[in-house]
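Letters are used for the chains, namely A, B, C and D, taken in the order the chains are written, and counting of residues starts over at 1 for each.
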Amino acid sequence: MIRNIKVEHLIETPVEKQQIELVERKGVGHPDSISDGLAEAVSRALCKEYIEKCGVVLHHNTDETQIVAGRSNPQFGGGEVTQPIYTLLVGRATKEFEGVEIPAESVALRAARDYIRNTIVDIDLESDIIVDCKLGTGSSDLRDVFNRDRVPVANDTSFGVGHAPFSELEQIVYESERMLITDLKKKIPGIGTDIKVMGLRDNDDINLTICCGMVGRHVDDMDHYINIKEEMADYVTDLALKRTDRKVNTFINAADNEKCDSVFLTVTGTSAEMGDDGSVGRGNRCNGLITPNRPMSMEATSGKNPINHIGKIYNLLSTQMAKDIVKAVPEVEDVYIKLLSQIGQPIDQPLVASAQIIPADGANFASIRAETEVVIDDWLADITKITQMVISGELDTF
Amino acid sequence: MIRNIKVEHLIETPVEKQQIELVERKGVGHPDSISDGLAEAVSRALCKEYIEKCGVVLHHNTDETQIVAGRSNPQFGGGEVTQPIYTLLVGRATKEFEGVEIPAESVALRAARDYIRNTIVDIDLESDIIVDCKLGTGSSDLRDVFNRDRVPVANDTSFGVGHAPFSELEQIVYESERMLITDLKKKIPGIGTDIKVMGLRDNDDINLTICCGMVGRHVDDMDHYINIKEEMADYVTDLALKRTDRKVNTFINAADNEKCDSVFLTVTGTSAEMGDDGSVGRGNRCNGLITPNRPMSMEATSGKNPINHIGKIYNLLSTQMAKDIVKAVPEVEDVYIKLLSQIGQPIDQPLVASAQIIPADGANFASIRAETEVVIDDWLADITKITQMVISGELDTF
Amino acid sequence: MIRNIKVEHLIETPVEKQQIELVERKGVGHPDSISDGLAEAVSRALCKEYIEKCGVVLHHNTDETQIVAGRSNPQFGGGEVTQPIYTLLVGRATKEFEGVEIPAESVALRAARDYIRNTIVDIDLESDIIVDCKLGTGSSDLRDVFNRDRVPVANDTSFGVGHAPFSELEQIVYESERMLITDLKKKIPGIGTDIKVMGLRDNDDINLTICCGMVGRHVDDMDHYINIKEEMADYVTDLALKRTDRKVNTFINAADNEKCDSVFLTVTGTSAEMGDDGSVGRGNRCNGLITPNRPMSMEATSGKNPINHIGKIYNLLSTQMAKDIVKAVPEVEDVYIKLLSQIGQPIDQPLVASAQIIPADGANFASIRAETEVVIDDWLADITKITQMVISGELDTF
Amino acid sequence: MIRNIKVEHLIETPVEKQQIELVERKGVGHPDSISDGLAEAVSRALCKEYIEKCGVVLHHNTDETQIVAGRSNPQFGGGEVTQPIYTLLVGRATKEFEGVEIPAESVALRAARDYIRNTIVDIDLESDIIVDCKLGTGSSDLRDVFNRDRVPVANDTSFGVGHAPFSELEQIVYESERMLITDLKKKIPGIGTDIKVMGLRDNDDINLTICCGMVGRHVDDMDHYINIKEEMADYVTDLALKRTDRKVNTFINAADNEKCDSVFLTVTGTSAEMGDDGSVGRGNRCNGLITPNRPMSMEATSGKNPINHIGKIYNLLSTQMAKDIVKAVPEVEDVYIKLLSQIGQPIDQPLVASAQIIPADGANFASIRAETEVVIDDWLADITKITQMVISGELDTF
């Protein structure tokens, strides 16, 4: 069956050339990101358990983790959590299949605790956080879908969006958080994992406002704290200047009032310890960013099953398509993909697969259209590859 | 102090003229909307209680309601919920102020139950839903903010976006859900409150895919069910044709397989009764829609305090600004507003207030710029009016 | 099969003639009694649902209701609950039987809310209390038991105890609470349902210490409060003197310090509103009393299934046997029954059925033994009558 | 002030000489005992934290831990928990004192997890059990009590009871469970911690019915299982015969049907993994036993604060008094202590302290009375010693 692919020539100032651009990334220790990470970690663990026990992935959606903030008393050189963070894993999972019982909630609990241990490295799992779990069972109709030896059908009428390439600011915002955690934190353990990067570009001025909860027991005193902030600002500015020729200003914890001893200090490195709740799907989109200058979908990608949850699959797929189009098709300045499903139809047959392209000046759009259609069609024909990539952990969801 | 207002001439095909447009609205009974509605109802009730008891609104954020789906056994002419829906109200609220104890959780519980009673009208509050509540107390720093007799300072570095005017499709999608519930349901009580409208426009073809959980005890049998679907489709198509000259096709419950008795029947009119969890901030933006062809913010608007929660205020304000600009400024085809705060700064002084405008052909952009700046500046000068409108219920948040 | 019935001549000063006697009763509004009442109300509702839907009672035990106290701000003439009481219904219930789905948790929720409405009459169910529910499913082995057309087998190795007749003090303590609630409260609505009666008899002096949470909105001021206490004390003393020729002293709310405005005032009539948690099985035994001068069982009777839960059945049965023995067998001064089951054996064949009897002076114990054996044997032969009496509500459990 | 001590000559057949005697002990891994143990472990940890941070023990009661059973799939040589056990720590604790914040819930969480790790040794804390926590704050009136430099006043009108010495059966039942866990389990790791011992003495025949959940991964197959049961039975019988000359029969897991592969196998060694919920205060009294032939109190001892919670203190104290009386006073065959408080009165001034004594034949009761009064009076004068012993862990509560 021929697929309904629409490639449109978009007349539009590319984001890189617009005056004002906003880009945000919530780091792995932000309460919303913790929720996303837990939701996805649980889903992956369930996928593996299902495959091991039943040979196929069974129905589940674990995309509603709720984090209820605790209370804490941070101190330079120490501090303590006074009321543990409460985490509720919510969702659906198949718990029995052809006579085999699947320990869905035990698997979820272990996966969640492992994820926290490995990601929110400064938290004490024995006293600082409670992990609770309420996984219901799904409706039997949906469970049915996963048994059949053919392309799954969409679970909903829903859409996914993606774009490529990243603008300079998008690259900078994304990399700043990633490198602070994976590189600079090794040298400066006082850096917490709850880092929020807000990037504003006003023509050629880039302004990076970074909010980072420092880990009290690795920060000796106010001088040390100030010193860490300076090192972080320099590090991020240097990083950014490798990606851009624009002017870059970096601000760390702009609300600090150091004279009043009012700074962003934590015990565990995340503000979930003190007043900041978190939910799945309210932070980064599946490309790792929040980009109001770009089309976005509201669908939570994390924690959804990667077999037929169309919101998840189409968001991830749109992003992959967009990336491949800018690689494979010459003279594409910006591409926006939108995929819309219809409930009950095979997921490789979207109601519409739309590509909006801003071509380079003077480009031949007919040839762009033809080549773009090929990329999209190929991906749709091979759509279950997305499922495999999710399960194997090749694709991030936030 | 002069405000940093940037008005930009956006060169872009207006959405109305793009080939593919997608618009979605989740109705009041959709699990995500129930979460939004509960979060906002609780916040409003708290605002009123604070004002009554203390004369000012105190710190609170109740923006993380989690709905854990139940189980049900729907039947034509009846049916029953077999496992109640579980609702957890999460957030922060000030519970004590200058020696006065505020019954925050009792107020929240009552407000939530009242909201459900009035909105999800086919649910039985005695057996079909559990309302639980976990409101922590906020950090004292934040509580502080509300006492001072001046413009509040932003609680975060965050942005809001808004646009105007609505495209034809946006109007149609929004009104379809609203009129089905407030008008047609009076005549056809079998219509449930969980209505999702997905609008797709491909050039001049509009396709409305509507998903609606019918209320079993008001539907006699399959014939009656089919009849209701037909009435709904006709009603929506007629409604749409008052807004557009384009071709309109309406599909109700496209996944039904009536021969297999597989249709979208419920007991309570919401899919939260059977497998669909819900969260705040994952559904409609504060203009009531999900619009991937437009800039959007990921911020949950519902349940945030309307005093200094900048994510809430700037989203609502951006939308009001955009609406006023298209009313007050001639020759504006489309306007996009983005407001970016900086944590700790007065909320009437955004880091940037950006307006991107697609002018009508041949318009005088200099005059558009000047008039737009006035609208924006006036609104910022009067920003606390947004707070009043929220508390009095004039502004919807989803 | 002959039953192992042992009737023993007990040489012992009867309780009525011992110097010191202690008897306690927790009224229906005491947090532990609320837990008991909820547990039993839920079990009865499930029994009826099972019989209606499946023709037989299916496995369930709902005997672990936990009440987590709220917070309140009581006032003469008003007051308010500031943090709702949290109630968690815990237990096991069969949710599916031969293809029929049983709405166990919805039934439980409704039964619990109805029970509260009818019993804790001064509480506002919309704002003062949260009812939550976590009913698991039982093990299949146990469910099996209920299907067979014969005497059920014991679910455990456990015992029940009972005694008769009530001493004077036992009658007085029991009736005081019952009459205050069912009679005097009609005239004096300020009397709360949380009444604890502690009776101490020192030879011929009876001391009744009564603790009662008054309902603020029905008490105008301190004078009114004091007046109510006096009326209650007079009422109880009068009541007691109909049962005894001993001296009676009654104290109401002995810890009150009226000069310091420190009295036992509540909003809802139960201390669960402020700091007093409650659990099943920690209050009255199934005869309505706590009697340290008598043998007691630790088994919670409330909420257990009345088919094969031997702790419940043997406690209720022991009490019935004891009552019938003192009615049917002459010259019995005191009788203590103990029934011990063995797991897996038919419940009409206890490992031992022991009766310890204090006969009247000069009684013929051989004839007492013979007649007692008949009463015990008849009851065991007709043991399922206890189940019927529980379901129909003829037997109290606390 | 002279204390109201009443020593009564009880004319009664001592339990050791009655025909039928029943004694029960629930082992440390029984769900009710786990609840007791958690409640007490949390209280002890809080006491230590309060002393460390504030110099005094502050108000708390953590006596309502609720255990909601999980689900499991036990297997010889392995097995897995499929749904984690859910544990809810409930109670009250002071969280702030003179400006010092006390991390009550974090302390509770850590203490609970440590207790489980050390006691339920075969459980995996990462996947088999959830520990949740809901500690409210107490009423300020009660918090007040703990500040004053004098004997605390009773928090309630309540009583405690105790007896001594243990009968043969009481000793045997108690020691059987203790030695199986602390001695034989070292050699036979398949023995689970959930051991219930029910002792029945019919004149000179002692019948021990023991129920023990075996740990699947330490039991190879059915032969191994049967072998363990035999070793346990022999071990217990040998142990008992050191304490008695009566005939002893020991039965392990009497409900097993080995031919049908229906035996008491577990994953974690406790039936909380599969269907058996647990609560505080429903198992052993503070002497470690359930003894229907003896006076008992319904008060939960575990988890109550050891400063002024009179139910806890008087139960522990009664038991210590009874033990000391049989040691110090000659010719006492059996002694029963009952202590009754009056709310608001100093705890060293009970409303009545009653000792009922069965003297040896021909004993001089006047001298017994005098010596008993001394023991009781001395203990009351030194009552806060009980508090110290609780905090230091010298006294068991179940």
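Just so it is clear, contacts are C-beta pairs under 8 Å (C-beta built on N, C-alpha and C of every residue); 3 or more make two chains touch, one makes a residue touch a chain.
As the structure is a prediction and not an experimental result, all values here were calculated from the model.
Participant: Within the chain touch network, how many edges lie on the shortest path between subunit A and subunit D?
Facilitator: 1
Participant: Would you mind naming the chains that touch subunit A and likewise touch subunit B?
Facilitator: none
Participant: Among all other chains, pick the one whose mean CA position is farthest from the mean CA position of subunit A.
Facilitator: C
Participant: When the C-alpha atoms of subunit A and subunit C are each averaged to a single point, how far apart are the two points in Å?
Facilitator: Result: the chain centres lie 55 Å from each other.
Participant: What whole-number Å value describes the gap between the mean CA coordinates of subunit B and subunit C?
Facilitator: Centre-to-centre distance between subunit B and subunit C: 50 Å.
Participant: Quick one: subunit C and subunit D, Cα centre-to-centre, how many Å?
Facilitator: One centre to the other, that is 23 Å.
Participant: Got the subunit D residues that touch at least 2 other chains?
Facilitator: Residues 71, 83, 86 of subunit D each touch two or more of the other chains.
Participant: How do the chains pair up in terms of touching? List each pair.
Facilitator: Pairs satisfying the touch definition: A-B, A-D, B-C, C-D.
Participant: In the complex, go through subunit C and note every residue touching subunit D.
Facilitator: 6, 8, 10-13, 18-20, 22, 24, 61, 63-64, 66, 68-71, 83, 86, 88, 90-92, 134, 136-139, 141-142, 157-159, 161, 196, 198, 200, 202, 207, 209, 211, 254-255, 262, 274-275, 277-283, 285, 290, 292-300, 338, 340, 342-344, 351-352, 354, 356
Participant: Going by the contact rule at the top, pick out the subunit A residues touching subunit D in the complex.
Facilitator: 71, 73, 80-84, 86, 95, 101-107, 109-110, 113-114, 126-128, 130-133
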